[in-house]
Structures are given as structure tokens and as C-alpha cells.
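Got a structure for you, written out below as C-alpha cells; questions coming shortly.
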Amino acid sequence: MQRVLKWSCATAVLLAFTAAGLAWAEDGVKPAQPEPTTVKSLQKQLLEENAPAPPKTESVETASAATASATAEDIEAGGLSPSVIALLLFIFVLAIFIGFEIITKVPPTLHTPLMSGSNAISGITIVGALLVAGDGQGVSAFIGFLAVVLATINAVGGFLVTHRMLAMFQKR
Amino acid sequence: MQRVLKWSCATAVLLAFTAAGLAWAEDGVKPAQPEPTTVKSLQKQLLEENAPAPPKTESVETASAATASATAEDIEAGGLSPSVIALLLFIFVLAIFIGFEIITKVPPTLHTPLMSGSNAISGITIVGALLVAGDGQGVSAFIGFLAVVLATINAVGGFLVTHRMLAMFQKR
Amino acid sequence: MDSVYLQVAYFVAALLFIFGLKKMTHPRTAVKGNALSAIAMALALVIALVARDGYVFITVGLMVGAAIGVWLATTIKMTAMPQLVALFNGLGGAASILVAGAVLMLDPHQQAHELIATAATGVIGAVTFWGSLVAFGKLQELKAFKKPFHVPSQQMVNGLLAAFILAMCALFVVLNTGHGLVYVVIVLAASVLGVLLVNSIGGADMPVVIALLNSYSGLAAAATGFVINNVVLVVSGALVGASGLILTSLMCKAMNRSLTNVLFGVMGEGGEVADADEVYRNVRSTSADDVAMILDGAQRVVFVPGYGMAVAQAQHAVRNLAKVLEEHGAQIEYGIHPVAGRMPGHMNVLLAEADVPYEQLKEMDEINQTLDTVDVAFVIGANDVVNPVAQTDPNSVIAGMPIIEVGKARTVIVIKRSLSPGFAGIPNPLFAADNTLMLFGDAQKAVLEILNAVKENL
Amino acid sequence: MDSVYLQVAYFVAALLFIFGLKKMTHPRTAVKGNALSAIAMALALVIALVARDGYVFITVGLMVGAAIGVWLATTIKMTAMPQLVALFNGLGGAASILVAGAVLMLDPHQQAHELIATAATGVIGAVTFWGSLVAFGKLQELKAFKKPFHVPSQQMVNGLLAAFILAMCALFVVLNTGHGLVYVVIVLAASVLGVLLVNSIGGADMPVVIALLNSYSGLAAAATGFVINNVVLVVSGALVGASGLILTSLMCKAMNRSLTNVLFGVMGEGGEVADADEVYRNVRSTSADDVAMILDGAQRVVFVPGYGMAVAQAQHAVRNLAKVLEEHGAQIEYGIHPVAGRMPGHMNVLLAEADVPYEQLKEMDEINQTLDTVDVAFVIGANDVVNPVAQTDPNSVIAGMPIIEVGKARTVIVIKRSLSPGFAGIPNPLFAADNTLMLFGDAQKAVLEILNAVKENL
């Protein structure tokens, strides 16, 4: 166990280094390349921050537009500052650590429900699926739709079946 | 224990909400106010990203300049996107959780060393002190110097005294 | 960037997953834990829905998925649980591939770290999906998967394939415009790798494979999280990754085999298998009536269930027999081997279903200490987990695996349909031991017969 | 933003803190754990140094601080540990105030969340610093702190002060230009509050206060982390915060008092204190020679140490006596009360210093179960932790506190200098019990006398 823990943490740290290094390299090495998206998003930010507070009606419109384009922007901007991605990686490592701490305490009796329960949790991709599904453009929308269906099966089915099992344990 | 855990987690979450809400409110409410620092830093970013890679010598100069001004910029920019501060808050909560998980497992025998050891850890403010100390301007530099001294006493003394105690345990 | 409030809600969802898992550490709170995780998922879903519009397509997708999920989850038999988990797991992996692919289509200009995450999602997701499907097929005992198809010099093919995938990933990142075609190639190659890897692993090692693939599907979700910059995916993916790894390692330990040994299967290659006819020369069989007579004076009775109990769904019958014996003053216990059955904790789930009191379930180490004071030990459809060869023959394929030492009991009654071997494919000298009696037949039927005989005996 | 590599190094430092604490969960690995934490700190330091220049001032500061720290840590006596921790703790809090203040001077234009964090640092840091100083004074038994100075209607003053501080914090955030003066006012007000709060708490409750202030100093560091956007500060601050809270709660539980009770001190107000002369009418005292005779036939001997052992530094003498008795065939154990002494685990540290074998240390619940088979129970400078009043008188100030029930032993020998009370300030009927003998004197001297007498007896 100890060994697995160490090993996986080392991997995670390594991953973190690699990714961070790459993100950095990209920042440092390719400045000459046009980066339309980043610049665009920055401009937008500048705009937003300097603009005076818009009148009421306009604000509502902007808001709805913002929701509508939230996904697109998320994806388009691609604009993680290296810091956010680094923090996410750190959170990833912390979560693995927490996972190990907690799960080593699950008693053998509950290992089957644990397996199916954590399998259900991995259906969380559904959140990603929701963000890409139905974005209008034919193919990607359909792919997103498919992802929604598959992930939903995984999540809903997984939680239900786990519940069925656990309900048996609780009777006693 | 359970209660303390719940309570402190709830507080942390509340804190997170409040801070995030404020950060958001600030973004939304005060756009009319001039925010020289943010704009400046953004412009700098834009500049950096569009500039072609500087020739060698210049690069060295820039680098050293960057290190020199790292602190100033950090502070000046004030420029956490709400996302980074939010991630930090999340990390804070995760760390508290990890702390509870780990520390409830420390046996009573080690409670005194734990107390003095974690006290030493709180000397980590030294990192903050280093960043502000000796930044040239008289008063703040002196304050920083004082902070460095105090935090160092806390950290060095704390770890040493803990080591002294623990060394006794290890003999056996 | 979504509104900060949405982001904070995502954090709360992530924390709920953690607390949900924490509640899984005790049988009494486990139901709540599962519910918490489900709530966390629902919360994350709602947030994601609020952050966008255009619901029609999505709602249909959600409904279709939920309907299929509910149907599968409620109609499945408890014995088919391993396959079902494998199937669900595969679907999760597939969803990850699709999400990363769709994101790539919407915005091919990704940053380096996003490209890395996308490639990782593709590889891990594809291996998970196809590996899980093959595992499903094997566990469901589908014809096509009965025998692993032969691939010449498999190890080399796998190695080359892996190298190819790595090269493609490097290309993908270096190209730096998110070349969709490269992504497709990566996914296809990883799919082949997934099939090949799992194809060569024996059907009974599937639980280990599933736990590992479960871990992978978590990592795939986390990788997707890095692609779309979402903290819930990162956290819950990491939790699942850790959980799968731990379960894998526990199972390997309980079988005394290394993970490499399981994955690159030397199963059935170790040592020469003893001749079954030779071993089984002195087997004595018995009848339900005889068993009832033996039980008459028994003070302590231990049941050791195995995969056969799951197949025969004999847990209720066993529980009833135990009840009757208890009424006659016998002390009842169940000896649970950590890898009895086909999933970790498999026996616990079945016996919980049959309302067996928690205190009567003993873990292997505990029951082994008192087995020599036991009058009658019932072996219900178990085989490998009670095979003394694990301790006597260092060349055996199960050498070193800890077993439940039923042989120490005064009388051992083994209920199974024939003398055919268990998953490890080796004969079991226990069946021919002096104090062992075989009761041939389906476990459920046999136990019910014993039950009737015992009742008549009064 | 520093280079990404620096950031990642910060992460590694934060993780090292976590692993360091994790290693604190076992005596064997604890030294390594402490070293890991120290390494983490050094790493964070180096990173911070790399990220800036202008070393002269800083190096001087580091050297001065390190020199003072080393000097304090190496010259301090183990009995003075509590005060030292209090002092260190206060310095950490002060450093946090200064850092946040300096940042504010350098850049008064902070965002809302940074202002919140700055104000929080000021408040928590100041309470920590001044509270710790007062605690230090009390534990060091400095004249000025001997008696809490009286503040008219203290509770109300505290309340008003707290309200004022809150209002100032709100103003500070709303002003939104980081008004330095307001920060100074906040710090000053919080300083007064810190002094007042701790001033009214009894000297013996200081350990609880210190643990709580330790937790605060962690939170102050975390708040500073939010000001300068640094992940190491956030993580390690959170860890320290959690650790302090847990220790506080454990101590309160062991004393069966609520935290509010400790902080807003009703200590000494509960019920009427029994008259000491009345209680101590039948006290019998003894001599070292008599004790040696009693020990002659003893099979099981238990030592129950308390704060007096720490004061007299008697642990080595006790250990030597125990060794001699062991050589004569007696079975030796130590009964450790969770709040014996003045810090949690205080006795363990002292006995570890004297090389007492780990297996001989028994926790309260364990030793209580077998005390009735003990021949001689030595109470070495303990008082409250063996006071039966806790169980017999529900109106007592220590009512409900679990105790070590030495009264159950055949003979109890209490070593202390007089009949003066312990920290709770109440008489102890144990001293007058039929099976109790008092041996008056300094614990170290008395034990050495017994040791000599025992040796002569042979």
C-alpha cells in the first residue's frame, strides 16, 4: 500500500512538473506565434474592466449572452494562466492523497459497494459532456449527446446498483 | 471531534462563499473605478506575449529585472483572477480536511512534539516576510526585517526543540 | 469563466464527493455516503446546466441515459454485478474520449497542457472502454470471449503498440494545433491495445482488471477535468483513481500475486499440475440425510462460501439452514476469504442480502485461529480459497495465497456439482482428505435438501 | 507571477509538510516527520529567496533569528517547554501581522479578498501574539502575571472590543484603499483583546490556550498566504490550524470541560470547596525506609507521574528506582493521564527522556482496569489527576474528569512537598485514604532516598 501510495504520488508530482514545464515552455518559447485567442480574451477582459456599469436592460442581455457563450469561451480562450492549471494539478495531488487516506479505511465488507460506487463517481465526465453537447455544430453536438447518454448510464446505474447493495447491509 | 470537524468545515465553506462573493461583487460592481494596477499588469502581459523572443543579453537583463520586481509585481498587480483565489480557498479547505484526517491519528504519546512541531510549521510566514523584507523603502523594509527575525526564531527554534524531544523517543 | 458562484458550487460538489466516500468507511453510514456522492453528482450537473443553454438535446440524452441506467441497475441479478460494473466502467471511459474529442473539435487551438490532457484522456479512455468490454464479455461468458484469441508474440505487439501510441501523443502535442486526425489515431491504437491487454488475462482475474480499469476511468475523468478546467472532475477523478488502485493492490495481496503477474498472466504456467485422478482416488461422497445426522450433535458449524454460492444463489438457503441449526443450539459462523467469489467483498454482499447477522461474519485470519474446535465446516461452492496446495506446494500457481484452513475442522462437507476445478484450474486435495465428505449437486438444491433432512430428523 | 517552476516547488514544499505531519503519527517515524517539515520550510525559503534579490538585509535577519532560535531551543529545560512553545507561537503571530502590514504599505490598492485576508491576519496575529505573551508570562510565573489584573465587567469590555474590531475590519474592507491607519487600529484593538482574554484564564489552563493560539497562528499564516497568494502558506497554515483545534478539543475532553468553560473561566467558581483541614485530618506520612520495606514483597508496582515530576526533574530517579525493582522481580508500569503535567503528552516526553521502555507506558483506561491487582502505586507529584472527588462530588470544579483510580491499589504512596493543592486548587481525599501514605519532599530527592533504602535493604 505504502509503495503504491509513494509511487502514485511520485508520478503525480512528475506529471505536475512536466505539465507545468511545458506550460512554461510554451509561454517562453512561442511568443512570436500569433495567439489570437489569448489576446482576444485579454482584450475582452480589459474591455469589461474599464467599461462603466451598463444600464439595467443591457446588463440582462449581456448576462444571458455570457451564459450562452460560457462554454464556447471556456474552450476558445483555452486561457488558463499557468497558475490556474498548476493549482488544479496541486488539487489533483491533494485529492489523490485524500483518496488514499479515506479508502484504506473502508472495511473489506464494503469493498464491492466501494468498487461500484466509485465507478459511478467516475461518471462525473457527464459534466464535461453537458458542456460540449448540443453546441449547434452538427458532429460535435452529436458526439456530446452520445457522451451525455453514456456517462448518464454510468452514473445513474452505478449509484442505483450501489444503493441496492448497501440497502442490504443496512437492514441488519 | 466530529463536531469540531463539521463546524470548522462549515466555517471554511462559508468563508469561501463570502470571499468568492466579495471578489465577484468587486468585479461586477466597481468597473467604473480606475484600476491602474490591473490594467497595467494586463498590458504588461499583452506586451510580453506579443513581443518576439529577445536576444540573449537582453533576456538576461530582463530576467534579473523580473526577479527583482517579482515581489513588487506580485503585490502591485493584486491581480488574482477570482478563479485563482477561489482555487486557493478550495486548497485551504482540502488542507484542513487532510490535517484532521492525519492528526487524529497521532498517538497521545506524541502530542507534545506535535504541538511544538506544528507551532514550528506556523513559522512559514517567513516566506511572506522574505518577500517584503528589504525592498528598499525604509519603513516597510524594516518591518519586513523584523518579521524575518521573528518568524525565523519561531521556525528554527521550533523544529530544533521538537527534534530534541523526538530524539528521546527514538532512542527506545 | 463561469460566475464565481458557479465555481464555488463546483467546489462544494467536490467536497461532497470526499465526504460521501468518507461515509463509505462504515456499513451503517455507507448508504448515506452513496447518497451524498449522488447528490454531489446532481449538484455538479445542475451547475453545468445553469452555465449553458440549449437544453433539448441534453435533456433527451439525460433521460435516455438515466432510463437505461435505471433499467440495468434494477433488473440485474446480484451475481451479475461484476459484469455490470465492468460495463458501466467502460461507458464512463467512452464518455471521456468523446468529451475530449468534442472539445478538440470546438477549439483545436489548445495550449500544451490541454493537449497533454486531451491525449491522456484519449489513451486512458480507450483502454478503459475496450478493456472493460472484453472483461464484460468474459465475465458474462459470451461465446466470443470464451477463449482468448491468439496473437503471435503478444508481448512484442503490445510493446510496439504502446510505443506507437506514445509517439503519436508526442506528435499531437508538438503539432500544437490539436490535430483531430492524430487524436483519432491515438484512440484507435489505444483501443486495440486495450483489447489485446485484457484478452490475454484469464476470466477469473477479471475483478483485478476491473478495479484497475476503474482506476483508469477515474484518471480519464480527471484528465478531462484538466481539458475543460473543471475542479469537480479533477477531484472526483483523483478519488476514483486512488480507490481503484487500492482495491487492485488489496486483491493482488490477498492472492499473493504481483500486479504484473496478473496483467501479463503467467497463470496456469507455474509448475506441473498434479493429476486429478491421482489426487481424487479416495474421494468419499455423501447424501443430505447423512449430513443431517452428522449435524445432529454439532456444537460449532462454520460455512465457507465461494463463487459457487453466488452462481447457485444459495445464500438464502444457507441462511435458513443456519437458523435451524442455531435453534438447535449450534454456534454458527461464516468464514469469509478476501477473494472468495469474483469481486472483493463479494460474499459479504450476498450474505448481507440474506440477512446474515454482521457478527457471524469472520475474516479469514480470525476464523483460522479457531477452526480446530469446529465440528462441521461447510464449503459451499468454494474451491481455490480452501485449497491446501497453496500452502504445501511452492510450485503451485496459487502458492503462497493464504487460505481458509477448513481441513482443521472435525468434519468437512464440500458442496459442489462435480470434481471440476475452480478458477485456478488445479485439483484440490482437500476433497480427498480423510475428514472430508463431498455432497455433489447445485449448492442451493443441496442445502435445501440438507435443511429438509435436518427438519425431519427432529 | 513567479516562474512556473518556482510555483511547482512551492507545491512540493506544501506536500512535504503534509507528509511530514503524516510521519508524526508514529514514534518511530516522528523524527523523520519533523525533519521533513523542516526541509519543506527550507525549500520554501530557498524558493522565496530565488524569487527576489537584495540579500544582505535578509541574510542578517535570517542569521539573527536562527541564532536566537538555536540558542533558545538548545538551552531550554524540558520543563520549560510549554512556555517556550507559547513564546515561539507568539513570535509567529507577530511575524504574520508585520508581513501583512508591510504588504499593505507596499501596495495599498488591494482587492476585496486581499483586504479581508489582511484584516484577518491583523486580528488573529495580534490576539495570538499578545495572548501567547501573557500565557508565557503566566507559565514562567513572572511576577507581573501572578495574579490576573482586574478589569471591571470584563465580559462586556471584551464584547465591546470585539464588536469594535469587527466594525473596523468592515470599514477597512469598505474603504478599499487599504488604509494603513485602520490596520494599525485593528491590530492595537486586537492586541488589547488578546491580553484581556488570556489574562483572566488560570495559569494551569494555559496549555489549552496555547494549543488554541497555535491553531490561530496557523490561521494567521494561512490568511497571510491569501494576501500574498502563496500556496505553501495556505496549506501549512491550514494544517497547523487543524492540529491546534484537535489538540484543544482533546484536552478539553480529557478534563471534561467545554472550551467556553476554559476560555471564559468558571474555574474555581463551581460549588463550595471542602475544607482542607477537615479532609486531611487522617493523613499519615511515611519515610523512605518504610517505603523500601513495603516495596520488599511487591509484585506489581505502578508509577503515576504528574506535574510535580516535571518540576522536580525526577524522571531519571524514577526510572532508576523502577530498574532496581524490576531486577527484584517486580512488574513495573506507568499510568499516564492524558492531562497530567502541563501539556498534552507531557509525561510521555519526560519518561522518554529517561529511557522508559515504551511497553511500560499505559494509558489511563488501560491501567485503571488492572489497578486493583497492584501492590504499590506511586503518585509522583500528581494531584488532580488522581483526585477521587472528580468522581464523587458532582459539584466539584473537576467533576466528571476521568482520573487514574490509584485508590484501588493495595498501598498508595504519594510523593509531594506538602499538602498544598494542585492546579485545580481543591483538597484531595486520596491523601487521607486508609491505604495511602504520604512521603513529603521534593520528588527527585524523595525517590533517590527510596532508591538508596531499597538498595540497602537487599
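A, B, C and D are the chain letters, set down in written order, and residue numbers restart from 1 in every chain.
In this section, a contact is a pair of C-beta atoms (placed from the backbone, for glycine too) under 8 Å apart; a residue touches a chain by one contact, two chains touch by 3 or more.
What you are looking at is a predicted structure, and each value in this text was computed from that prediction instead of being measured.
Asker: With contacts counted as defined, which of the two, B-D or A-D, has more C-beta pairs across the interface?
Answerer: Looking at B-D and A-D side by side, B-D shows more C-beta contacts.
Asker: Using the average of all C-alpha atoms in each chain as its centre, how far is it in Å between subunit A and subunit C?
Answerer: Those two chain centres are 27 Å apart.
Asker: Nearest whole angstrom, what separates the Cα centre of subunit A from the Cα centre of subunit D?
Answerer: Taking the average C-alpha coordinate of subunit A and of subunit D, the gap between them is 43 Å.
Asker: Taking the mean of the C-alpha atoms as each chain's centre, how many Å separate subunit C from subunit D?
Answerer: Once rounded, the distance between the two centres reads 49 Å.
Asker: Mind pulling the subunit A residues that touch 2 or more other chains?
Answerer: Subunit A, residues with two or more chain partners: 20, 23, 27, 81, 83-84, 87-91, 93, 95, 97-98, 102.
Asker: Residues touching two or more other chains, restricted to subunit D: which are they?
Answerer: 1, 14, 18, 231
Asker: On the basis of the stated criterion, which chains touch which? Give every pair.
Answerer: Chain pairs that touch: A-B, A-C, A-D, B-C, B-D.
Asker: Give every residue of subunit B touching subunit D within the complex, in rising order.
Answerer: 1, 4, 8, 18-19, 22-23, 25-26, 35-37, 64, 67-68, 70-76, 78, 80, 84-85, 88-89, 91-93, 95-96, 98-100, 102-137, 139-141, 143-172
Asker: Which bits of subunit D are touching subunit B when the two form their complex?
Answerer: 1-2, 14, 17-18, 21-22, 24-28, 30-31, 33-35, 37-38, 41, 44-45, 47-58, 60-62, 64-66, 68-70, 72-74, 76, 78, 81, 84-85, 88-89, 91-92, 94-96, 98-103, 105-107, 109-114, 116, 173, 210-211, 214, 217-218, 220-222, 224-247, 249-250, 336, 338, 343-346, 348-349, 352-353, 355-358, 361, 363
Asker: Which of the residues in subunit C end up touching subunit B in this complex?
Answerer: 1, 3-5, 7-8, 11-12, 14-15, 18, 231
Asker: Quick one: which bits of subunit B touch subunit C in the complex? Just the residue numbers, please.
Answerer: By the definition above, subunit B touches subunit C via 9, 13, 16-17, 20-21, 23-24, 27, 81-83, 86-87, 89-90, 93, 97.
Asker: If we count contacts the way the header does, which residues on subunit A are in touch with subunit B in the complex?
Answerer: 27-29, 31-32, 35, 38-39, 42, 45-46, 48-53, 81, 83-84, 87-88, 90-91, 94-95, 97-98, 101-102
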